[in-house]
Amino acid sequence: MRYINTLQEGETIRNIYLCKGKRSAETRNGKPYDNLLLQDKTGTLDGKVWDPNSGGIADYDEMDFIECYGEVTSYNNNLQLNIKQIRKAQAGEYVPADYMPTTEKSPESMYEGLLGYVSQIGNTYLRQAVEYYFVNDEEFISRFKAHSAAKSVHHGFAGGLLEHTLSVVKFCEYMVGAYPILNKDLLYAAAICHDIGKTVELSAFPENDYTDDGQLLGHIVIGVEMVSDAVRTIPDFPVKLASELKHCIVAHHGELEYGSPKKPALAEALALNFADCTDAKMQTLTEIFKDKNSNDWLGYNRLFESNLRKTSV
Amino acid sequence: MRYINTLQEGETIRNIYLCKGKRSAETRNGKPYDNLLLQDKTGTLDGKVWDPNSGGIADYDEMDFIECYGEVTSYNNNLQLNIKQIRKAQAGEYVPADYMPTTEKSPESMYEGLLGYVSQIGNTYLRQAVEYYFVNDEEFISRFKAHSAAKSVHHGFAGGLLEHTLSVVKFCEYMVGAYPILNKDLLYAAAICHDIGKTVELSAFPENDYTDDGQLLGHIVIGVEMVSDAVRTIPDFPVKLASELKHCIVAHHGELEYGSPKKPALAEALALNFADCTDAKMQTLTEIFKDKNSNDWLGYNRLFESNLRKTSV
Amino acid sequence: MRYINTLQEGETIRNIYLCKGKRSAETRNGKPYDNLLLQDKTGTLDGKVWDPNSGGIADYDEMDFIECYGEVTSYNNNLQLNIKQIRKAQAGEYVPADYMPTTEKSPESMYEGLLGYVSQIGNTYLRQAVEYYFVNDEEFISRFKAHSAAKSVHHGFAGGLLEHTLSVVKFCEYMVGAYPILNKDLLYAAAICHDIGKTVELSAFPENDYTDDGQLLGHIVIGVEMVSDAVRTIPDFPVKLASELKHCIVAHHGELEYGSPKKPALAEALALNFADCTDAKMQTLTEIFKDKNSNDWLGYNRLFESNLRKTSV
Amino acid sequence: MRYINTLQEGETIRNIYLCKGKRSAETRNGKPYDNLLLQDKTGTLDGKVWDPNSGGIADYDEMDFIECYGEVTSYNNNLQLNIKQIRKAQAGEYVPADYMPTTEKSPESMYEGLLGYVSQIGNTYLRQAVEYYFVNDEEFISRFKAHSAAKSVHHGFAGGLLEHTLSVVKFCEYMVGAYPILNKDLLYAAAICHDIGKTVELSAFPENDYTDDGQLLGHIVIGVEMVSDAVRTIPDFPVKLASELKHCIVAHHGELEYGSPKKPALAEALALNFADCTDAKMQTLTEIFKDKNSNDWLGYNRLFESNLRKTSV
Amino acid sequence: MRYINTLQEGETIRNIYLCKGKRSAETRNGKPYDNLLLQDKTGTLDGKVWDPNSGGIADYDEMDFIECYGEVTSYNNNLQLNIKQIRKAQAGEYVPADYMPTTEKSPESMYEGLLGYVSQIGNTYLRQAVEYYFVNDEEFISRFKAHSAAKSVHHGFAGGLLEHTLSVVKFCEYMVGAYPILNKDLLYAAAICHDIGKTVELSAFPENDYTDDGQLLGHIVIGVEMVSDAVRTIPDFPVKLASELKHCIVAHHGELEYGSPKKPALAEALALNFADCTDAKMQTLTEIFKDKNSNDWLGYNRLFESNLRKTSV
Amino acid sequence: MRYINTLQEGETIRNIYLCKGKRSAETRNGKPYDNLLLQDKTGTLDGKVWDPNSGGIADYDEMDFIECYGEVTSYNNNLQLNIKQIRKAQAGEYVPADYMPTTEKSPESMYEGLLGYVSQIGNTYLRQAVEYYFVNDEEFISRFKAHSAAKSVHHGFAGGLLEHTLSVVKFCEYMVGAYPILNKDLLYAAAICHDIGKTVELSAFPENDYTDDGQLLGHIVIGVEMVSDAVRTIPDFPVKLASELKHCIVAHHGELEYGSPKKPALAEALALNFADCTDAKMQTLTEIFKDKNSNDWLGYNRLFESNLRKTSV
């Protein structure tokens, strides 16, 4: 396996990559060619197939794993691959995990961390609701661990949903210590479950795109329904408490225009909203600043509505 | 029964009213008195208890039905009742329906009208989902018929929810005829169910106020959960279709800032949004113009962000 | 006549098209060429003149009807015409109607439909005002029938203004039946006239672009002035009624930020606003969904602020 | 005539005032009394009729001129009049001008000033359009001179419309000198006419309230129609120039949400918008600061969205 | 000293209170009386002086400390004091601290806590800038300890500025641990200094109101100037670092419409914004929920744009 | 020196230009080439280096002054330079002023004009504060004269800051005459100083880009600090007056969302805001209309949110 971030101008390689994008074009002379976007877990690479009708170029589609043979060249200070041969790879020839951006942390130890918080939930109803998914549902657990938290923006990598959730819960742990009005049990339960709807809103890697339900309902409504499914199985779950837990999911985006149909009406809902929003923004900045070595200005960023740069100290 | 809209200045009456409001005050001389808001289905009346500690005034609370004895006087061109005696009435002494603002139409024939539309839903899954509540659930049916559609604003009377729902469905019937892109089955099902969450969001009359679930979740999320409850009981309900039905509920307020967590993404969701919004606004105007005999300007109205008046023709 | 939607890759044709756009460019080798946008009523086609200075290419300009000789090729899955010869066609060689996108309905029968509503206006002043344009002004009638309702977006084809207007009036017919507070005469008159200013705001086909008055005043102010011109000719037209009719034109966009200098203050103005807005949005969706055979997601749509798709049923 | 701003606590007076407001109330003891708002050109005064049913109190209504007899007292540091007798005054007993807030400047010399600018309009079409109203229409001239520019806010006094208009024209004179892209003739004509619609939007003093046309159409649309009336009488008025003049009226509020259906598209329209807005705001401040002797903070002002105070120098 | 929260209906007291408000009024019978707002550190109490011109009532003004003699009565379920005698107290007769709402925590230990964070600032320039105020400026330190963080809303009590600042710094300590992109030195220095401008924006207790500079410049601009004053005294302070520190002050409100002239452009500025906003909101909720014993709904809260209630667990 | 606006198609030139931009590209055949943006004070010119690796092309970077040898050709109706040889020019070979867009007015006489206003400031404190920079600080004066007022948009040329400032002061002179509530001394001082922060916010020509301080603090905060620096040197400067002067700087953008942390609270601050905004917009229009000879529509302009055209008269 030759990872994309190790390639160098001038070398000729033969390697399997995920074909994340494919777009046909034509030169001024009327000669057709194909633009590819190749991906592995270390990044992406533009590919050019200058002779797409040649015998060496077999059939393939977007999202196929393809073996490419060609030369690494440099164009406008970026590397690209001029591809002479393509063949669709078979399952078994490659390890899918090599082709997905993945959390740098250990999913297992993050999951253990999350379970530690689950066990701190003293209220038995709330703890059972959380355990319904995070302890008892093997299929959910394995999906949750491998999921991203976004199509793009922050935490858009395998394990990102787990990493974000754990980070939000830790944030809530701090807040429970700092603000006595917060109920630890409700806040932990809500924080752990706040984005479980994303396991349905986004398809799994390598696709990682909005599902039909994601488009039509969104992870907030989906998440509420999932919490209801759990609550339904727990005898005598207090009605008011179930509504409070669901309210925290409902209101965690904080503003109607951000997709929460209700504004936070409980202290825990407000705290969860702050923790979620802060972690998302800090992680986004972290991803933006990654690999930037200077404190030069990086240009206007639409999400932050500001030019950005790393600090000088 | 002496209805409030039949009272005349100068007469002395003894009659049972609903005590919708009670507020203690004190004259400048330090004499305490009580301000009451009395209600029956024809309107409301201010009541004054100038001697709340006298023997004739028994214990009573807000939302009690109370028998009042006193004189009808006129103050600032409005009638009020100077109350000498109060006694709490017992169940059986009064007919609750006499005390609630109520639709002027027949709930039974409106319900029949709605069932007519239910039977026109050709898609068997959608029709079963609607029948789950509107045909098979007697408790729901009786609650739905008697419910209001709002705490205040439009359709804030018993039967209002039914009246609004039927009106929206008829609107959709027109649109199905006018715009061939609309699927009749989905639109009818969505229109009939769009506000079922209000049976939980608002308590029944005479209270007619937001419930805990109403505050925390709102009728959109509640309505989606109710649709899910129905769908769960219907074998082989197509997943995509269930999501489409739920999406229409989710998006029927049309804008995120109006409490819909998703904007309409399907033609039926958009049509339902227009029908709901238009009926609500036209009914609100109808209630505003009711009993206005001239086309004088009525003053600035915050909801319509305009001064309003009836037309001269 | 070879309509654009019947062309096939590989054939060589000689046919007259409307030259809707012309833009000169240059290859990397410094060779000039021209990009054309050819149009007939079935669609548009990219044209390339690779040798614009050859003898076969006569003088021509944008908005000319030109006879093109060349080969139909395929580029990026779209057809284009590689043009060898061009000559400007003379009036008489072509039928202009063949070159404009046109309503699929019959203008004559739509116009008859509209007249049917005109005759239902009982108020003699209002009916005369409408007849001033729609019955007595032949030049206006022929212009109105052939006009589009927009430069782009919805109803942007010949006959579109008539089609939209009739659709809005029908919508109002439904509302008059549903909401007794509405005055049929005023609402019909206002609906029929609501967009008459567009006959001045937009130039006729094939140009179909904003006029100077369209840019400076807009169709709302123009429409009010046109109504005033009609009213001025009708003896004893009640002043208040004239203002009410003009108000409905003024307020039909519903919001100041959409270009209405006044919010609806009359029930008919509000109803017209809803009918206009709903028809515009439903027609836009109809045009978007046209020729889409699947219920795949179509991508984010800025006007609807949502991803869109056709329904599965 | 005893002007309100000359009254002193303790004196007993008999004088005619305009009854600008009348509201019945009742003491805690059930005794009815009337609150009046009395007005003359120097200000307003609260009046109390403690015994409205006594023989000395004749019939009268809001907007009547009434002779009051009573004692000037002080309440909460404000003077008020305890009224013993009231009688409706007859035309002839009073000079209406004594009862209206009026510009402190000379209407005649302001009008002369305005005519000076009219004569500077070199373009004969534009000058004739302005003269149609400001030179040839005696009824308009006398109405314009006596009108206010607003129901409340700035320039809400007789002559205020003239004062504001002249001030805006002077502002435009400065701008014509400073910015060569501005056409003096168009800008002067537009500035002089920009608020002529207010003579119809607001009724004359003493009422000074929105008319039916004012509510339904607003002074911008009315003003455009008035300009059209003038243009129609002038042979060969260039079409484009007429539209430009009307555009300046249409766009002079600068923003759609402020009631202009078009944003300024010409330099003169933009300049007029700035002149109008600046003069309105500076005059509002002038009225707020009037009679304030200190530079203490005056409290939050909603129009300026700020606390305000006079400057220390 | 009889603290307000210990008074009981029926008792007669003689005690010194701060006269926080004084407003003259008049009974319907024309008898003048005074409404007072009395304050000590435990709360506020309405006072009534029914006979303000009696000999027992000496001269006094708002913000005076006054000895009141009178009877505690109950009105509308609230206690009030019917005052028979008033005399202005002299300095020395009372302890000012008894009359101000005050943090429940120890200012000294909070200050010690803050110093602990100061000492953790490794960067010598940043630490010196903070020490300029928090270690070396005795007058500042004593003012800072006694200041409130707001006129009303959250932390509006003596010591509130210190309490809020320490809480924000602790929040930042958590974030430094959670997000490695944050520079501890810059974030601590910025957090400690972020609201120092409030010592100038608001006057000291008991007045605690906006100063002239507070109105004209606001605590953000004032704070930047104070940081500049400190930086100017420190030799070789890196220019870029000084700007970064000032930027964190400038941007700490996060949005232009909240009064920050720049959006956060550095990670530390963003983190400070989140810490400040979260602490302010959580403390506001804490103050709202204080003394509420049930989880009943508390009514719509404008700041949170939601109805609010305590959680059921 | 061959100025760009004198070049003609077909000629071959050798001349020094400022290399304002440089971007490498590649033809479809894989041949690299460079796109240059050449600038002198009369405009800009595209340059193409088709053979960047040839011996005639020496090393150079953006913002270098380079001698180019090549042929002037025409592409798409615009001239461009096909460059054969490039060599970096040495200081002394060129006059930098020849390469910057520069005010068409005389900086010296504009500066004299500004000094005239300085001398009219009667208040000795305010005049000294202004003189601190505009009379006594030679370095500042020379920088201020040569600075632009913007990176792009209006007055984005050398001398633009002086030209804009003088124009704003003249505007204020008019307003002082028109509105007696304005204090001339404060308004002149504030107007002269309102944009002095731009000398720090933007780097000098030829770079003319945001500095680090410009990004982090902005010219409003920088300007306030500069005023403070001046005030600090003037004995007995009245505190209130200093705050008023600084407030005018702080509030001169008029709205929080435009970067003013405070809305105008003084008449002079409001007047300065209007003068600044009006001059900026009128100058922007002037630059847009420059060299436009017709009154054709120029297309939608985002800043003015409107299509724009010159007037027909």
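Points worth noting:
A, B, C, D, E and F are the chain letters, set down in written order, and residue numbers restart from 1 in every chain.
By our rule, a contact is a pair of C-beta atoms (placed from the backbone, for glycine too) under 8 Å apart; a residue touches a chain by one contact, two chains touch by 3 or more.
Each chain and its UniProt protein: A, B, C, D, E, F = HDIG domain protein.
For clarity, every value in this text was computed on a predicted model and none was experimentally measured.
Chain centres computed from CA atoms place C at the largest separation from subunit E. Interface equivalence for A-E, evaluated over B-C, C-D or E-F, points to B-C, where over half of the contact pairs coincide by residue number. Mean C-alpha position of subunit D lies 44 Å from that of subunit E. Counting only residues that touch two or more partner chains, subunit C has 28, 212, 215, 240, 244, 262, 265-266, 307, 309. Every residue of subunit B that touches subunit C in the complex is listed here, in rising order: 123, 126, 167, 170-171, 174-175, 178-181, 183, 185-186, 238, 240-241, 244, 262-268, 270-271, 274, 277-278, 281-282, 285-286, 289, 304-313. Touching subunit B in their complex are the following residues of subunit A: 212-213, 215-218, 220-221, 224-225, 228, 240, 243-244, 246-247, 250, 256-262, 265-266.
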